[in-house]
């Protein structure tokens, strides 16, 4: 079942993505087959969310770590990318300052803060995009798991973590653009962001990264490591008396997951065209948890399914029923937890037998 | 200025010696002044009017204060009363008024200051001590030298000690501000202000320029010592701020300490229970405003139980229809209640609209009082008291009532409890209801200091969880201690770190603390928890 | 085998979900053509933190469109409002803007409140060359071809207010209190420069920033009180954002700061915000806007009446951003009629120079910098939650989109008319494109 | 190499005390276990049997006293994994196996070997691992159920699986907490046999209060009461010790 679903998922994601990309580029706006660029970057966004959901399922579904702050890693990756894109704007900003981003100009920065150096180099930026979330996860996880913080306590302090970051990034003095964050990007790796080709490329890239993450995650959970992880999740004490160190297992998977989330953020920012502290909002992390729950916890593929379903639904409802969509969303969450403890994927399994 | 002095002298004499209606008849007609467009003219007219000894003066000025004084296109002045309009000049009724071409007599802060000065002066000799006290305070702020003779006269026959000090301080203020009286008088005046020793006194002393050198020197010394006192008191002040913030956090978290702490439900809809409480307050107040405006002062007394019932019942409803299917799956309760909170928010938004609702603060709860160097705002004070009461009741219920006993039994050992014939589902519902009800009562308090909007709950939910976890889940005392600690720490950090950084520091400290003590300050120990 | 089937079912769900709205996309488009209506996008948050302010603007837009249709619509076609909910989520703003433009093919979009939402949708409007009308006072420092700013720039709100306090209350000492985001930061920067240029000493200016939704104002208000006790007349200039205002004013009232002692002049507090506060303790505190509900003018009276009829709430307030929306909408109507088409390129050009009546009884004109001329009014809070206009500029004021008081922008101007058609033309270098 | 406190002893507890919130669960407890010995520890509820195990396995730190394993290893300084690595296995009162995993995987994870993530991430089943698992499944009589999810096993089967996992761990010392609680007589009989079999190669400490079972084991018995040793000796010796009788029958 699981191997099969993974295969199908990979095929579906890659297939759909590249199909959309092709239809968007090859056909002209008139034709019935044409996929509007708007839809391309929209689906691209879903896939980024799917990466986040996948990362979350890895820690929650398999290690029992319910992180209510996972969007923080996503956002940090996004900020790293945002800083790179910001530097790429160069003299095309409204103040035409070659070095300083616009928000720094009107906050009277005289020169670039030290932590902004190097972000004009894409390789460095991408490195940071995985390094920063990874390191944060390493430090935080090391502290938390070493002292056996678990369950609700862990969830709450992950929430505290993202909340603290939210407040910090809101501060204009932090030098990350405060509430407005970073926006109005021009191009990445020399490609104009507004061009259809770039958008289509980003969509495919997101699809590929998603599948890569899925395969990595799958390798991890099916290995003996994964079995230990499940053992830790359900009977942590037992694993200890068998001589395993649950903390190191949790730490490894937590860091891996944080890095995945960071990658999601990297792809997210150029496609939505803005990164701002709102991404750190605890509500965002909770929603990500709900995607996983809707799709089916501890199934990896389910997380992806959930992320796409919920967000597609959100897009549709916010347009079709702007006044009522919150009811729909709210009840969806209630019903899923009540009626589908195993999520949509579980439903499919039941439908099968 | 000159005319004002004359008028108040006249007024003083008029009031104190002989009734003199016609002393100020050489003054320009104040009523035409009131109808003017320029604020200076209006302010001028007020003082003239007050002086004119005209029996219509008081009602006219009062009307101006209550924004019920209107100008007609032909410059006539009308006072709006409950039954139609009266002519301000003559006081007799006016029929057939075309409301649409009436315009308010224009008032701005300058005019308002004139009104206060005038009425202040008038009230200095009022029979009611409270009024005299207010008048003295007004003169103190207006520092109007022309009221000096009046002050003298008033002091001469003042018996009430409290009012007397107020009058003396007013006199001192007026003297110093106008550099009037002998150097000796002024020096003693500085002493009086130093004795008063609050911010107003300091600001007055700071504003002195052309007084004699000796006076200025003494004033600077006085300011220094007042500031020394301030620094001394600022610690206590910070403590008060911390306590009041702490009690707000405590109120917000108390309900959660039950639903989450005791029952283990990660209740993300807790904030919405608080929000519902706040909206109940709004509904109750509008109901009272419509039915019995006289009771407005007591509106909160009705709101508290109402809020408890509303949130409590909704809580029971939630438990029966939702939570009870999720026991033993705490993380699922998180998701379901999160969905629920979205629904509740949107529901309130649909019913009441998305903009803030106006919850009025009863008179006895607004304003503040200076206790020595401390400024104690009443609403904060009452909220602290309210928090104490709520927590007290909550603990009493849990400890001494049969319900409380059953609650603890069920939460400690469900199977055993039901074996002993306790109807556990019913108890669960009541426990959750209790927690929600408490949250509702917190809403009443929060409605007094914060927005009453659909987002009210969201802004408190995270802090509430922090408080409960920091204190140690399942331990009400822990919640109390942690709420107060967080509040006080926060308030002492703010001056140095600023509001935002302060909060960040607290959060990080909290994270690190949980690393040290993974189960909060006061964890429940023993084998039961381990499994 | 059966697993495959069940799985394809899963895939099916996902695919249909996608198809659902992608399809609805194509559908929406075809309908637009079929019914021959002109679609107008309304992009205001109906949920989340900003719903408090933005929902009203959605309602007023619906009213204006209904009114216009009563008058026979536009170019012989009926107007059709397309409402979406960006849910106070900035990336969602961009997504919804794309949806409105690419899927619903709207002729123009009226929306956004916060600067960040505007910044978020900006690239979308540039890319699709559509039109955004932005109805809220903001920090300036921006002028885009596709955006028309009908709210106030700092010089149309902040500076006159300060002048008024200097002249009438002889204020010598200033507290600039704001929420920590770009509008207060910029406004305060401008005011600081302006005050210093007026000879106010640095130690007589206190600047304080607080986070969004800050609810515990005890020591900040106490600080203000202390700052005001230095013997000089003190005033507070508040750029505190929506949610935080209620607790701020409540604390002011409770700590007994009366307007006659330390007046507070606010730039983000209007009738709507006051509706949520018990205003009795606040009488005399000020606000600077370009419109107040209490303004006496025939057109305003009429507007308020239609508003009450439309919302069926006889006491629902109006406020400044509503006027800005009203002006923007009428300007668009007029420009479209002038251009004889809704084609964005033509309308953008037609808009410059269009003049329509504002609600204070004068005319507002769209200037080449895509900002409008408006009168500046100072109002004092009355006990009934309305404002009492105590001062107003004789005529209308032209917006400085680029503030002369800011280092980076003092040399910049915007003029979207050919041949210059540039949003950040540098008069020093004589080149378009900021500082270089 | 210094000599252990009591030369040659495998486990040596001396004056160990621990208390939770003032309640002294273990009170100056001393106990010596010889290599290859099987010891039964009995005592009424709250006598501190499980707490003693917690201390030996590093779950609970004693407030005072020594806990020496083998020649010189001070267990009070180590945590559970380290102690487990030394070769001390523990079986819980309530059978705890990895329910979502198959019987086979349960044993696999228990097999002695490298426990570090970086190993287990790449680890593949080797032939000798398979043989060992087969062997253990044979001993605990779960050979046919190897692919079954552990969650699906009966109570007794879970008990055995857990014992099997302990064997896989190849400990020098085995701590067994109430192995026959809730077992049928035949199961109990088989379990006793199983323990004796295990005892051939390793030392065992069995905590039980099923006297019949302890008698069946026929080994030296230590009686705990209120956290300290009340009596020690053969089952017949302790069962006629008046203090023991008092504790069990009360007065």
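Letters A, B, C and D mark the chains in the order given here, with residues in each chain numbered from 1 onward.
Keep in mind that, in the parts below, a contact is a pair of C-beta atoms (placed from the backbone, for glycine too) under 8 Å apart; a residue touches a chain by one contact, two chains touch by 3 or more.
For clarity, every value in this text was computed on a predicted model and none was experimentally measured.
Q: Which chain is most remote from chain B in terms of Cα centres?
A: Most distant chain from chain B: D.
Q: Count the touching C-beta pairs: is A-C or A-B ahead?
A: A-C
Q: Centre to centre, by mean C-alpha position, how many angstrom separate chain B and chain D?
A: 65
Q: From the mean C-alpha coordinate of chain C to that of chain D, what's the distance rounded to whole Å?
A: 72
Q: Distance from the CA centroid of chain A to that of chain C, rounded to the nearest Å?
A: Spacing between the chain centres: roughly 32 Å.
Q: In whole angstrom, how far does the Cα centroid of chain A sit from the Cα centroid of chain B?
A: Result: the chain centres lie 44 Å from each other.
Q: By residue number and range, which residues of chain A touch two or more other chains?
A: Counting only residues that touch two or more other chains, chain A contributes 167, 170-171, 323, 326.
Q: Enumerate the residues of chain C that touch no fewer than two other chains.
A: Residues 46-47, 180, 209, 211.
Q: Return the residues of chain B touching two or more other chains; collapse runs of consecutive numbers into ranges.
A: Residues 345-346, 500, 503 of chain B touch two or more partner chains.
Q: Which residues of chain B touch chain A in their complex?
A: 264, 266, 268, 322, 325-326, 329-332, 334-336, 338-343, 345-347, 350, 458, 462, 465-466, 469, 473, 500-501, 503-504, 507-508, 510-512, 514-516, 518-520
Q: Would you pull the chain C residues touching chain A in the complex into a rising list?
A: It is residues 2-11, 13-15, 17-18, 20-22, 24-26, 46-47, 83-87, 89-92, 94-96, 98-99, 101-103, 114-116, 119-120, 122-124, 126-127, 141-142, 180-182, 185-186, 189, 209, 211-212, 406-409, 412, 423-424, 426, 433-436 of chain C that touch chain A.
Q: Taking the complex as given, what residues does chain A use to touch chain B?
A: So the residues of chain A in touch with chain B come to 66, 140, 143-144, 146-153, 155-157, 159-161, 163-164, 167-168, 170-171, 282-283, 286, 289-290, 293, 323-324, 326-327, 329-334, 336-338, 341.
Q: Applying the document's contact rule, which stretches of chain D touch chain A when the two form their complex?
A: Chain D reaches chain A through residues 57, 59, 79-81, 84-85, 89-90, 92, 96-101, 105, 108-110, 115-117, 120-123, 165, 169.
Q: In their shared complex, at which residues does chain B touch chain C?
A: 39, 67, 103-104, 106-110, 112-113, 116, 141, 199-200, 202-208, 230, 237-238, 241, 244-245, 248, 345-346, 349, 353-361, 366-368, 375, 377-380, 448-455, 459, 491, 494-495, 498-500, 503
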